[in-house]
Amino acid sequence: MATLPMKMLEENLNKKVTLLLKDNRSLVGTLVGYDEYMNMTLDDAEENGEVQRKIGKVIIRGSNVVRITTK
Amino acid sequence: MATLPMKMLEENLNKKVTLLLKDNRSLVGTLVGYDEYMNMTLDDAEENGEVQRKIGKVIIRGSNVVRITTK
Amino acid sequence: MATLPMKMLEENLNKKVTLLLKDNRSLVGTLVGYDEYMNMTLDDAEENGEVQRKIGKVIIRGSNVVRITTK
Amino acid sequence: MATLPMKMLEENLNKKVTLLLKDNRSLVGTLVGYDEYMNMTLDDAEENGEVQRKIGKVIIRGSNVVRITTK
Amino acid sequence: MATLPMKMLEENLNKKVTLLLKDNRSLVGTLVGYDEYMNMTLDDAEENGEVQRKIGKVIIRGSNVVRITTK
Amino acid sequence: MATLPMKMLEENLNKKVTLLLKDNRSLVGTLVGYDEYMNMTLDDAEENGEVQRKIGKVIIRGSNVVRITTK
Amino acid sequence: MATLPMKMLEENLNKKVTLLLKDNRSLVGTLVGYDEYMNMTLDDAEENGEVQRKIGKVIIRGSNVVRITTK
């Protein structure tokens, strides 16, 4: 019983996820939506870099995502 | 009830959004339109970099967008 | 009433536009045509860099365009 | 009897694989799913770099993958 | 009456064009053909860089082209 | 009688090939499979860089391949 | 009578061509095949860089090609 990537996204709706982006930025937030291109919408997002910054509601383009870590 | 990326864009029509682009530039403006490729049209756009510059009406190619922050 | 990106291009036919390209070059010219890939044809184009250079009639490949500023 | 790339992925479901990514990071984990774009889901993933870091359940976008090593 | 990018190419068949490529090289030559991907064939091509080099008949892949300047 | 790229791959099934990748790494191994995207599976693969490393069975994503040398 | 890029390739089957690649490498060889993506197969290929190296039969992925020079 494989866990397809899209299924793992679905299982993490309304849960905290961490996105690592191509520009090496990391975002933490609640996954509130996604589409077939792995574009994602996060709520209560925060950027985790040298400085921690709250950025709230955000749409991330899937083409910039390297990996999505779930809890 | 997931918030699909395209739905979040629709909800932000005529509202202020901040776009972070791949070249690390950041643009703030009123979202006045978008299409299926996440190309977007902004009104009253300003570039937020070392210098703040008014650039007015602008079309942004979706392929250059990393993330869209809404209020 | 949203202003779709393609509609904003259409509204700017025969008007001055400024293109910011991925290589950070900026071109100003009269938009005389475009297609579905945002390839564009400009007339009386000038490059706006350290040096200002007239380049006349030019076709720009849409894949190199970051943003299109209109008046 | 050729071993198609997708067949080799299938044969490695629930086995340890090592992913080398474009950003030169390397991830080890149990392959629990994949799709036609070579997006993959790993369980018990660990990052193998200067520092070894446990990252648990993770979705990797196929477009960032250079190679997949199996045992 | 817009001048579509493909139409401008057609109008410049058998005329001199200058191609600026993504690697910043510039080629001058007679446009003898093109296709829907803006792949182009040039005759009597010359590279315009620090050194000027005759390269004769050449096929240029459209994906490397930034802009095409016509006379 | 042209030798199409896919045909040359087929002729080299179960033979040694050398892959040059975009990250400048070079891999040698026995080609045991490939698909329409030039994703390939190698057996007994070795990395040929400053250090020579055995990596065994491996899937290479075609999008990272620059060239494939055959014997 | 335009010379389409694909037609120029066809006319150069079994002739010497020089490929300039995105990584700035240059390859000379006899064109023995190609496909719709401009993937090409060369025979008696040689790399023309600081050092000249014989590499024999080779498949080149079209996505890495900048230009193809013919005689």
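By written order: A, B, C, D, E, F and G. Residues from 1 in each chain.
Here, contacts are C-beta pairs under 8 Å (C-beta built on N, C-alpha and C of every residue); 3 or more make two chains touch, one makes a residue touch a chain.
Keep in mind that this is a model prediction, so the values were computed, not measured.
Colleague: What are the mutual neighbours of chain A and chain F in this structure?
Modeller: Neighbours common to chain A and chain F are D.
Colleague: Quick check: superposing chain B onto chain C on C-alpha atoms, how many degrees is the rotation, to the nearest 5?
Modeller: 50
Colleague: Starting from the mean Cα coordinates of chain E and chain G, work out the distance between those two points in Å.
Modeller: That gives a centre separation of 19 Å.
Colleague: Would you mind pulling out the distance in Å between where the CA atoms of chain C average out and where those of chain D do?
Modeller: Result: the chain centres lie 42 Å from each other.
Colleague: Averaging over Cα atoms per chain, report the distance between chain C and chain G in Å.
Modeller: Computed from C-alpha means, the inter-chain centre distance equals 34 Å.
Colleague: Provide the list of chain E residues touching at least two other chains, using ranges where the numbers run on.
Modeller: Counting only residues that touch two or more other chains, chain E contributes 63.
Colleague: By the touch definition, the chains form a closed loop. What is the full order round it when you set off from chain D toward chain F?
Modeller: In ring order, starting at chain D and going to chain F first, we get D, F, G, E, C, B, A.
Colleague: Given the complex with chain F, which residues does chain G contribute to the contact?
Modeller: The contact residues of chain G facing chain F are 13, 21, 23, 27, 32-35, 39-41, 55-61, 63-64.
Colleague: Considering only the defined contacts, which chain G positions touch chain E in the complex?
Modeller: My answer: residues 2-9, 22, 24, 38, 62-63, 65-71.
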